[in-house]
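Attaching a single structure in structure tokens format; questions to follow.
Chain lettering (A, B, C, D and E) follows the sequence in which the chains are written, and residue indices restart at 1 in each chain.
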């Protein structure tokens, strides 16, 4: 086991652990902060998949954007949001069992798929050209977004504009009232 | 060299965790976080597979787009959740059930 | 060519003849209220003259048969036409002749009725359909007019429809006739199915299709058509049923006594002289259809009818009812005669009966009419048709009395009257018929003799009660005030009385064999036995005379004789063999019940089934909406029941909605997978 | 010509919709005018109708008369060719009589509409719409077009019953609607199935042409309804199943026992003119459909099920009559009598003999006229005193002699008094049924024998009613009030009643008026179904 | 790096060439921006200017699309999108939806009285329209997901647009959470598809080949996960749970839009996947069986549940689930035949569903009545409107003389054809269920005329005014009548 692997599995473990705490925690603030940990570990794992730009975006957008948005959301609103957590009395309800059952079932099916067959032996992976470690992925992404992915890229801008306009509309106060 | 399937398994776990949050959490924001987990699981898949797809760069591009879309989605969802809070004084999705048969 | 022209001319005449009364019907029904008498009389008179003229042209010559295409159905051409042969000529002259008389009579009899125009119109309709019935050349047409006759009878019986009994009686008459008509229709269907034609002359002529058909191996075969022999019998029974209903044969006779609710003139024309004879006429028309079984049935039913009606007539008090039963009895004779093959005798009796029964009724009508007026005059309320209320009218209504006596003499068959010839001929034939048959058949002639004597008894009872004994109600002085009716009415009686004499029919007062009617019609299956011809009339006449004397001593000499006590036989007879009660018990009540049941069935079962299915749909929808609403509960409960160890927590899961939706959705997805890949 | 006949009322309906409510009392005259024009046109068609065998129609397109054919929808839908829907009208001896009946009954119903006092605009436009649909059904030769007209009848009726009906109108309207829709929804599936099986020999397109559907040669090999392939659906011959579906659809309209329970409710709750149309025309659509579609397109299946159809006919006759006997409401009684009378139609058709089918046709026309008359008469009483209980009336003949005369005509004609059309019709239905065993062996003779008992029961309930309501001493539940309200027939009512009476009488005495016109068609029809 | 250089110039050329075919999308983008700007600066002075502008833009797009009707299939942007006849038809449909929707917004009381103005809504609409256009054209999974998200996000915004009361915010919350979950699941499915094939091009050979080599379980799982996202848009079973709640809570125009636009776009996507599946060569019977099951369950659930609804919008929501099931039947066509019956049905469906919601809304505006049992006597008071309503409901039931019948008829024809060629009994059962559900739908649709006409009003006279919405619904109802006589008006373009 080399260093790369150690680091990878460390982040993987961190990722899953923090994610588990996020979803089991009854404290929203703790939840959100651990969410940051999860996202960060995920970004680290992206690096192992040679997607450094994605990792960067992940950190910037998610950690910097989404998370801050979430925090702002309940900071802007009432503090009661924080208190609106479920009471700690009951540990588990049937709902949780069903939830656990469903997620485990999905996990089971997915693991079934991923372990049964080695996907690195897929035709296209064997024949394709993998990204080498010293390649500048930012270049690649830049060229691709200006050629193949030009149209989605432009549309994405319209999309964001729409989301902006809409979210702003929802959030802003009614002038008449 | 990390085997591809390990990425995928991590993604699957994350997906399931997200699913659990979605189904059980009593706070809309936590549900939203669950959804983000699910999306991130997918992004992880994209990234993992994208490693082998240099020419089209589909995986990484898709991951990039997905992140942006998810962020926008969160923005809208949060705006809506705030609105809901204004009316209901709660964001427990299981308590918001005025609309029913 | 000349023949065709002649037949065309004769047919035209006959059509004009039948259309005249129809014309009076149409004109009068749309005309003004209260009128129409003159027109009706004129038309029927012309019709009568035409019929006489036709008789003079065609009688005993080749029949005239003239037809036109009526309609085409499939490949079968239906024709409509007239068939003028001896039988139809006899009928039309009889019908039109008696109609003329009744019309004349009615002018006085019905004078004061406010709705008299309807009366004339209905009479016109009746005459039209009866005449048309007589000359129609095909079974469908006959059936058409057959029912139309019934319909006009319905109208006339119900003429005073405000009287409950009248409308009841009219309905009963029509429905009972309907029963017979169904048989008739069935007969038509069978004949049509076998021969594809309904033309009488083609079917029943000398070399008609009917004679060409044979019965072999229980099959009735005509050309390539074969059906089971039983259908021939059924056809015969069918036609006979028609005749039974119309001619008031047991057990379909009960309408006729009730039909007396109509005006008496109507009773005399329709329910005594003409329409009721149509049954016999029909039997005569389709005679070849009847196979031995049906003929025997005819004998049986005719005899029963004759006997039964005679016994019932013994105890009735309503004058018209007595006469009605007498009519039934006489019709029984005719039908029986047809059954034994005494075709000509039957028709002969039909003819003579027409006159004397008409006379009886008209005479009775005169009495009723006068009594009715008298009642109105003195303002007393009594049943003016009850013979117990009458009495001693011999002096005050001499003409009526004598006419009635003559008619009664004819009825009981005293020598020198017309019916002596015809009735005795029938009884003689009955003896002849029975001669070579089994023991059971031997009863028949004696039964007929007995019936004949019963006739004597009831008609004498009537005569004596009406004309001789003292009235139960009116004093002698009051009776004196009642007079013979107006001239018009009495003339009619006189004319009819004339027709009750032997001379009209035969030169020889004691033998019917040479009467002109007997000569032109055939008889079947009867071996002549001279002995009977000489002995039986003598015995009959002797018995008759004895009975007259006996009844005179019973009814006139003994003042308060009420028939035969109040024994079981009396009640049986008085209540008309309880047949009405029986019918209402067995049929009417059951049909009503059946209809109630079937309506209940309709409402409660069939409709409910539909409603139930609607309910089912609603239930289904309820379930499905319940599932939709509570699917989560259901599924959660199901999973919960997997983990029932944990217990009742399952019930506390109705908290959230959105997540329930998602859970359900995902559960469905997973179960889809599990079902597809892991099971 | 036929289009004009069909769309004239539609145009009038639109006109009425446009016209202001101010002149709503004139709407009835517009409607009357339209129906009069229709009647005259239909008479014109009648007199110019060629009844020779070369114009028999039935299964030969060239033999139809007044044909109008426009291509309508051409859609490339399936694998095997184009969808061919035509605007295809034409009449033969089977449909022509119904045109006259429709025009006449509509005319009478319009006259009966005088009693309608509310929402005249809506009423008359729906009424005219209904008229369009009914005539369209009788003229359409394209199945698609037929179906459209067929369904189009439902809606106006739903509202006509539902809005202007009696107390239980909601129930009746819904029940009627659901019943008939139930039949027709599945009919639609059969129609589509037929379309896939049949192709136009000229251009190979799949077609909705009913006439082409009658020729087995036009069925593609192996298609669902191909006679040769004899496919199975749910363990049954596909053709038989299709026949049954179609038969149920139409026999709900007829109606047969046990699918009849909508009829008493609908008839009783409907306002008089609608009852007239229902009984006079709608029921006929069922019979017409059975002849034109069920039997013509699926003769083989029809022959297989003839015995059952005959049995249903007999049961309907007896059952309807028995139920009529139990009724206390005059209108209900007449409604049940319709069930009974339409049973003869079924019996006649099932016999598959020319006599039986002629009888059935005549019965439909005759019942159309007579039931219209009966309902009109009931409506007259109801309009005057708002009561129809038989027990509440007695001795009406005294105070309403002319009315009684009409009632008697209608009753006696209905119970099959010879001289009226119903007699001929019932007699020939029975004769046909009786002959059937001999001719084609389809129906046993006892059916005819049993059915003839229905005639007796018919006499029983009609005469009983007559006696109870019209004869006897005058006694009314409403006393003097009713006495003053029960006026005798007025001029308008006479105008409505007389033509019906004349029609019934004329067809009874001269059935050739009808038989001659349709004989060739009936022969062709018999030949079609027996081969 | 170097290996990309040859592609760049060709890619730019391709982009330039492709732009010519995207006129309508460009117009939409331009319009989107213009509307935002106008709303920012002129909303006070010219309150209806953004409405007029949006109308103009949609009309321009409509005419542009008509010119593209007879186009041969064009692969644009290097396979990112494909413009073919079917997608042009869908785009025309969207124009129709948008046009009615715009008018609906313009005359809807609650939206017009909304304090924050309607300008943003018009902008969102145009963006969503753009998204729908791209949805039907896209042949790349990325493009597809992007456009689906665009439509979804726009829809969330629309549903929560007013959020003046709890109902609307609740609806929007449910919608956004449900929708996000669905799209997250779909995204995961897409990621799997991508991973298994290495390609995002739906019709690309490598994509198909990659799927062909897959074992059943991963293939079906990934496809099912993708289907979740599509079915969410279609509101098909089992993703229909949100429908009643959201439809009831959303503003009427938005409900009308949701029940038509995104749903139709969803069908376009579904068709893409069906074609893909056929190309992969999965036993078509299996797919058809699954589709038929979904269709049956949707019809049964939608129709049966609709019977019990009293709220008219909720009832229409359930009925629209039923209609989805019904439209599924039109998917049962053999390869290469086009989806004429489906498109025809959709045209009619748009018209009648929009009209139904228009009328509901108008009734609500005029009488404040939302429940069916309160409609009694309305037939008299709102006569023209109710006549139109009856026509629309008859059409929704699928009875003559309305175009709903023709549409239903075509769909039945298609399904029977499919049965004819496949002989699958599931299809036959589906057809029979469809026929029965027509009957059942009568129950609930006709509750409205039953109340409106057959029952007398209990409350006082309502002064009816004839509003633009009445005219609009009358026009739509008239279209329904016209189209049964002249179905060729639509049919000629198919």
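As a convention for this text, a residue touches a chain if its C-beta (ideal position, glycine included) is under 8 Å from a C-beta of that chain, and two chains touch if they have at least 3 such contacts.
Computed from a predicted model, the values in this text were never measured in an experiment.
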Chain labels contacting chain C and also chain E
A, B, D
Lowest number of touching-chain links that must be crossed from chain A to chain C
1
Considering D-E alongside B-C, which chain pair is linked by more C-beta pairs in contact?
D-E
Of the chains present, which has its C-alpha mean closest to the combined C-alpha mean?
D
In whole angstrom, what separates the CA-based centres of chain D and chain E?
43
Averaging C-alpha coordinates per chain, one finds the centres of chain A and chain B separated by a number of Å equal to 6
Separation of mean Cα positions, chain D and chain C [Å, integer]
35
Could you work out how far the Cα centre of chain A sits from that of chain E, in whole Å?
31
Where does chain D touch two or more other chains at once, residue-wise?
178
Using the touch definition from the top, which residues of chain C touch two or more other chains?
625, 628, 655-659, 662-663, 666, 673
Using the touch definition from the top, which residues of chain B touch two or more other chains?
8, 15, 18-19, 22-24, 26, 31-32, 43, 48-49, 52-53, 55-56, 59, 61, 65, 69, 72-73, 76, 79-81, 83, 92-93, 96-97, 100-101
Can you work out from the touch definition every pair of chains that touches here?
A-B, A-C, A-E, B-C, B-E, C-D, C-E, D-E
Per the contact definition, I'd like the list of chain C residues that touch chain E in the complex.
617-618, 620-625, 627-628, 657-658, 661-662, 664-665, 668-669, 672-673, 676-677
In the complex of these two chains, what residues of chain A are touching chain B?
4-5, 8, 12, 15-16, 19-20, 22-23, 28, 31-32, 35, 38-39, 42, 45-46, 48-51, 53-54, 57-58, 61-62, 65-66, 69-70, 73-74, 76-78, 80-81, 84-86, 95-96, 98-100, 102-104, 106-107, 110-111, 114-115, 118-120, 124-125, 128-131, 135, 137, 140-141, 144-145, 148-149, 152, 156, 159-160, 163-164, 166-167, 170-171
Under the definition above, what is the set of chain D residues touching chain E in their complex?
73-79, 83, 119, 144, 147-152, 154-155, 158-159, 162-163, 169-170, 173-174, 177-178, 181-182, 185-186, 188-189, 192-193, 195-196, 223-224, 233
Considering only the defined contacts, which chain B positions touch chain C in the complex?
19, 22-24, 26, 31, 92-97, 100-101
Interfacial residue positions of chain E with respect to chain C in the complex
173-174, 177-178, 181, 216-217, 220-221, 224, 228, 238-239, 241-242, 245, 300-301, 303-305, 307-308, 440, 443
